[in-house]
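Read through the structures below before going on.
Shared between the two complexes below is subunit A, which pairs with subunit B and subunit C, respectively.
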Partner chain A sequence: MAETHATGLEQLAGVDLAAAILIVALPLVASLGIFLWGKTKWRGGGAVAVAATGAAIVPALWFFVRMLQGGAPTGWSIEWFTVGEYTFTVGFLLDNLSVWLTTLVTVLVFLITLFSTHYMHEEPNEKLRRYYAAKMLFATGMLGTVLMDNYLLMFIFWEIMGLCSYLLIGYWYHKDSAATAAKKAFLTTRLGDILLMVGIIILLVTFKTLSYREIWHHPEFTADNPALFWAALLIFGGAVGKSAQFPLDIWLPDAMEGPTTVSALIHAATMVKAGVFLVARSFPLFVLNPDTFLVVGIIGGVTALYTASMALVALDIKRVLAFSTLSQLGYMFLALGAGGIVYVQAQNGIGFTAAMLHLMNHAFFKALLFLGSASVILGMHHHQDLREMGGLRHKMPKTYWTMMVGTLAIAGIIPFSGFWSKDEVLATAFKAGSYAGVFTLLWVMGLLTALMTAFYMFRMMYLAFHGEARTKHAEHAHESPGVMTGPLVVLAVFAAVAGLWLVTPMAGGFEAVITYPYSEDLGHPHHEEPFALLVKILTEPKTYLSLGVAVAGIALANKYRKGLPAKEAEEPTSGFRGLLYNRYHVTRAVYEPLGNVVGVGLAKLSDLFDRKAIDGAVNGVARVTWWKGGWLRRWQDGRVTTYVATLVVGLTLLFALMTALVPSIRW
Partner chain B sequence: MATLELPGLIPYTLLATLVAGFLAWRAPSANAARRIALVGSLPAAFVTTLMFARVGVTSGGDYQFVTDWTWVEGLGISLSFGVDGLSASLAWLTAILTPLVILYSWKESHRPQLFFGLLMLLNTAVIGVFTALDLFLFYIFWEFVLIPMYFLIAIWGGSNRRYASMKFVVYTGGASLVMLLGFMAAYFGAGLGTFHIPTLTAVGSQLGWARDFGMVVFGVLAFGFLVKLPAVPFHTWLPDAHVQAPTAGSVMLAGVLLKMGSYGLMRIAFPLFPEAAMAYQWFLFVLGTVAVLYGAFLCLAQDDLKSLIAYSSVSHMGMITIALATFNDLGWAGAAYMNVAHGIISAGMFMAAGSLQHSTGTRLISRLGGVGVKTPKLAALTAALFLGSLGLPGMMGFIAEFNIFAAVWEAFGWWIMLPVWSVLVTAGYYLWALQRAYYGSERRHSEVDWDRIHDVTPEEQAPMVAMVLLAILFGVLPALLLGQMNDWTGTVLALMGGN
Partner chain C sequence: MLPVSYYVMLAGALFALGLYGLLTQRSALRLLISVELILNAANINFVAFANHLGQSDGLAFTLFVIALAAAEAAVGLGIFLHLYRHVRTVDVEKTAALRW
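Then we have the complex of A and B:
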């Protein structure tokens, strides 16, 4: 296999190449090993998983530090297989975007895996083997998705993530709800993946390559080709499925059937971000046809508000967080859409930066919140209904305080991480409004989402931790051990300070590191100095508007300090609250009929047609022939001799016929 | 690389396999029969592996290991054998499936001597089909495939075996008579006085067939092959045959017998009548699209797991029809790849369905539910094979599917949006079946003795594991297989282009 040179990139070689391979290979090898020996020798495989993910941080940091020092992007690729004029390659693209995200992912995978070792300790080894093997394979999938240099390999790792998500949602597969949720997750994301695959195929046939950089530098990579407009939208379709955006958002709340540590890693911190990453990675393609950014922004803004409203009335601690995840992912797409418009109009990459900053911040605070909820659920002896909690603050102080940091971060309170990114997201949306009016509306929706976010998060915190214990589970709740609270504390530190990178001169500030265009050869990245940006944020009136909105949301949640008001204690079935609680009845009104009526209906109809019409005709012909020709009946008796005799006679006749036809025959 | 002559290798290997089958049939005990069959299947497995490897490292565009013996000189009938990038993998698949199937059926107790003897006869005949380079020889092997398959269904089959075996023989036997007519027409029409396939196909595009003659004869040949594939609406013999056949029969039927249909199209019908085939392009695309979608929806409605897998074959073989309609490298390499991918994965799936029957006493999804807790290994293997079949990246089905869909975009543009949805339906029926049969809470049915459910036995497990590993191997390293297929598509498409 010949080494090919990625366009205009410094080649990865030697130790660097080994390090890059290690990042993907460590969890893969761990997964295989755990699969083979996890049941007995490795006692579930938790220790191996922690070791492998911990070790993977080292090569990730190796690249991360070099990136902070201003190192240039590197790449490496080899031929994988060839079909006709198409050559497919395997390779790495290590630019700022992928190095930064790889580091983030390895750290999160490590912390969450470490946390798992206690959270899952009641599970038998043979099940743990399944858990850790899938989790490690998932890590391989996520890291591969981020690091690969072309669409096909990205897609393969992307699908491996989907497989692991399916396996881990269905971890307790003997539960009907888990089995259904796993299937729903796979099928819904698969719908998006089909669109993504078509998008990739369009790129492949147009450019005869799927390497990101070869596509961007291809002479035919211009707005003149209408297929590229559709390719961008189809690729976005894949992102909508993976990141559970409207209207493919239905699977993520159900995915909470998996262990909470799975929800934290896959359905909050990493996999669902892959859609955001995909759009970020494909940004040049969207830039070609800026109208595509409208679609991205609108879907993101709508999802943000639509799903935040569902969290307002949720009664299950994990559901609150799941809806919140959807909503925050919506923010990221809003930022990418608005950021794209702003970039095209004003060559300003801040929206892209805001989306990525929010991706990172959300990864920290949502992993923290999910792990916190896992700690609560374990302390509550596996009860996760907020109505059964109350007063946990005193029983689980570490969990409480760390989760409070996460809550302040997601609510967007200065100086916690979420403030910086959310503020930039909204600022970008507002700015985009001057180029495309719809973004002004989306900006208002974003503000409204911020209000709701602060409200439902504090409602959740108050219901769980404040007031009096409402059940004996809450009375007897206990704090989790250090192996669980340790990762919580680390994540809390990140959730508190990560956003400050935007206004800190570390490596010139976050915008200098992560911006669009993400490599010099696509144009000149423009960015502001961190300190100037800080001044700008603090002197901007709209900053205080979004802060005020967040504070208002917190104030509105005050009534939950003493528990749920009596009229909210039952699961709402009707009225506006019922509408929200049942997720606007979309599943029941749209998806179930689509599956059960259209899907199963077509299946039943096909089956009937096949048996009655097609096979009926076949049997009809057979019956007539049978009845007409009595000799066939003897043939039917199934004895060896009859059949062989028929064949021999047939062949003899054939030879005879040919002898007659061709006079020159010599046997 | 040019053609490699190695007279006798293929025919003598076939003869050895046939003799082993005969010895197994006449063996004094069941134990002797299965041992003879297993050992007797190894030479063919070894030789085809060798051929597969050789074609892989050198050019698969030319025939290798060629035998070219005159048989009936006056008629131009020869004992010609050889393999290239299209057939080496299929012959190899047949020859390695056979020992695995023998292993899987190790405990067969009903007339075991005849059973293993017939499996070896089937092995011989199918390898013969994939290696014969003479139309007449091809036809003889093609017909001989029917005999062991017929008896496997008729003697070891389920309760409705007589109907199913007759339907199989009459339907596909009838179609092969039509195919024979096509052979005769091509033979006399070409007027070269030879049945030699390479000779005929080499000049196929230059023979200047009269347009109507070409259209008719291609249609006749294609009909013969499409019934075997099987294409909608000539597919209803397949689910009946599968449901009634013993596991070993189903495995061979889905694994390699269906590929005789696609192989015939690729080896004979298209190269012989390229212009006529081109004229049928849209017809074939529609035919394939209907099969892909209709077959997938049929799967959703099935209760018997075997019948579900049978209809999934209809759907997947529809992909091959679509792929051939594209007339481009991606599509034809994808079709050749799909042949092997479907062969490996569906063979494994039928083993899984058979094991489910052995483990629980039923294959009806409605009588199962939550058995995965009792049969974790079988559940995992079934899931792995189903995921492979639905085109999960990392397994070989995906490579075939991706190439074919890319080919469809190249040839038909936005029409891709029709067949592509089968991907979703396919995922739907597999995952839904898994969920209802294996996952969820225990749903005890009165017909199923829950306490006697056991997990898969080692001799059944090993062949399934082999199928999964092969599917992953070729999914991760597709070049192992695609290299030779590329050489072949390059050669055949150039031939068909007439230059």
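Then we have the complex of A and C:
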């Protein structure tokens, strides 16, 4: 195996290479080990999982610290196999984007795994084995997706994530709803994956390679090639599936059937971010055809508003967070779309930075909120309906205060993390509005989403933690032990301060570290000094507009301090609230008919073909054989005389025939 | 020296006799005898034409046929003995079942 230096990066070697491999290998080995010995020796494997993920933080930090010190991107790749003119490689790409995200993922995986050792402690070992083995495999998938240097390996790890998501949503597979939700998630994301695969194949056919950097530096990597426009859109299709954006958003709310720790890790903090990462990773491809950014931005903006409105009336604590996740992911795509336009028009990478900052902040505060809700659910003895809660503030103070930090962060209250990123997202959308008018509309939608976000988050907090206990479960609720509140506190600290990186001179500020182009050879990153950015944000009137919108949302939620008003206590079936509660009836109005007509129709057609054509042919052959056999059977009667007679007649006929047909034979 | 047609006619008669026996008889032993008649009809033909053409090939074939007939009779009789022990008859009409 020869090393290839086509990527033009400094090659990883020695300890660095080992560290990079360790990041992916540690969870993988842990997964295999837990699968083999988790049931018996390792008592479910929780301790092993915590140890492996904890250990994976070390090599991640190794690269992270070096990146903060201004180290150049590194890579490593070897030839894997060659098919005709196509060569596939195995390799790492450790630029700022992947190093930063790897660190984020390892920290989150570690904290959430630690949390789940207590959250899942009632589960029997043979089921825990499944849980931890899948969770570790998932971590492998996510880290691999981030670290790999080509589309092929990225796609493989991407699919591993999809598999683990399926396995973990269906963790309680004996429950019908969980099994169905798992299937739904798998099939819906698969739709996106097919698009992604077609996009990747277009790239492969065009460039004969799938290595990111080889593609970016390929002489044919130009806007003249219309295939690349479609490749970008198809890759975005994969992102839409994975990140559950409109119209493939239907699976994520149902994915809440899995354990809450799974929702926290996979369906809030990491896997659903893979779609955002994919677009960020493929940003050069989108830059070639700026029109694609319109699609990205519109899908993101629409999803943000559309799903945030569903959270307004949700009655299940996890569902509020699920809708909120969709909405926040929409923000990220809005930022990427708007940021792309701004970059193309003004060579300003701020939108890219905003999306990535929001990705990080959201990972922290949404993981925090999900784990907080897990703590609430455990304290409530597995009841997660907001109507049954109330007054938990005094019984679960640590959970309350940490979740409050997360809520303030997601609502966008200064100086919590969400404020900085959300403000940047909206600022980018506004700026993009001067280049493409539709972004002005999307900016308004983003503001509206911010209002809704603050409203539904505080509604949820008030309903769960304020007022009087409404059921005896709420009365007897208890605070979770330290192994659960510990991760909550750590996440709360991150959720509070992570956004400040934008305006602190740590490594020159977040924008200096994570901006587009994220690699010097793609152009010179332009960024503002953190302090200048801070002044700019604080003197910008629109900052106070978004802040005011958030405060207004909180004020509107005030009426829930005492619990749900009587008319909202029932599950709404009609009116505007019913429309929101039933997710605009999209499932019933679009997907079900689509499934019933197209899906069932296709199924019936293939069933018909199977039964009539395939089975018909097989049975037909059998029937003809049977029928003709019955006739031929009579000649085999076991009587010698018959055989002799047949022989004589046959031979006579044969001779006669040959005499008649072949005149040259003379007897 | 008789013309070769006489021998051929004799062989034909013998063959017809054998064929008749093969088609009409029910006893396995008689069937065996009929087969011998047919084989010997062929032998007469071989010998007659060998003599007529002055070539010894036909004689060699006759020796093969005799050996074959002997082997056939030995195997055939063995089978009939076995058959008789099982079903107490060598009537081929009664032993028409293809399996037990």
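Rule of thumb we're sticking to: the second predicted complex is superposed on the first by the 607 of 667 C-alpha atoms of A that agree within 3 Å, B and C clash if a C-alpha of one lies under 4 Å from a C-alpha of the other, contacts with A are read in each partner's own complex, and residues count from 1 in each chain.
One rule holds in what follows: contacts are C-beta pairs under 8 Å (C-beta built on N, C-alpha and C of every residue); 3 or more make two chains touch, one makes a residue touch a chain.
Not measured: the values here are computed from a predicted model.
Of the two partner chains placed around the shared chain by superposition, neither subunit B nor subunit C is touched by A:Ala25. By the touch criterion defined above, A:Val493 reaches neither subunit B nor subunit C.
Once the two complexes are laid over each other on the shared chain, residue contacts for A:Ile614 go to subunit B alone; subunit C is not touched. Using the contact criterion defined above for the overlaid structures, shared-chain residue A:Val438 touches neither subunit B nor subunit C, since it reaches no partner.
Residue by residue along subunit A, subunit B and subunit C are tallied for touches, and B comes out ahead. Within the superposed three-chain model, A:Val344 lies out of touch with both subunit B and subunit C [touch as defined at top]. Residue contacts after overlaying the shared chain place A:Ile194 against subunit B, while subunit C stays out of touching range. Comparing the two interfaces of subunit A, the one with subunit B and the one with subunit C have residues 636, 638, 640, 644 in common.
Subunit B meets subunit A in the complex at residues 72-75, 140, 143, 147, 150-151, 154, 162, 165-167, 169-171, 180, 188, 193, 232-233, 235-237, 294, 297-302, 328-330, 333-334, 370, 372-373, 376, 387, 392-394, 398-399, 402-403, 405-406, 409-410, 416-417, 420-421, 423-425, 427-428, 431-432, 434-435, 438-442, 478-479, 482-483, 486, 489-490. Residue ranges on subunit A touching subunit C, taken from their complex, read 636-641, 644-645, 648. On the subunit C side of its complex with subunit A, the touching residues are 19, 22-24, 26, 31, 92-93, 95-98. Touching subunit B in their complex are the following residues of subunit A: 80-86, 126, 152, 155-156, 159-160, 163, 166, 170, 173-176, 178-180, 182-183, 186-187, 190-191, 194, 197-198, 201-202, 204-205, 599-600, 602-604, 606-607, 610, 614-615, 618, 622, 636, 638, 640, 643-644, 647, 651, 654, 658, 661-662, 664-667.
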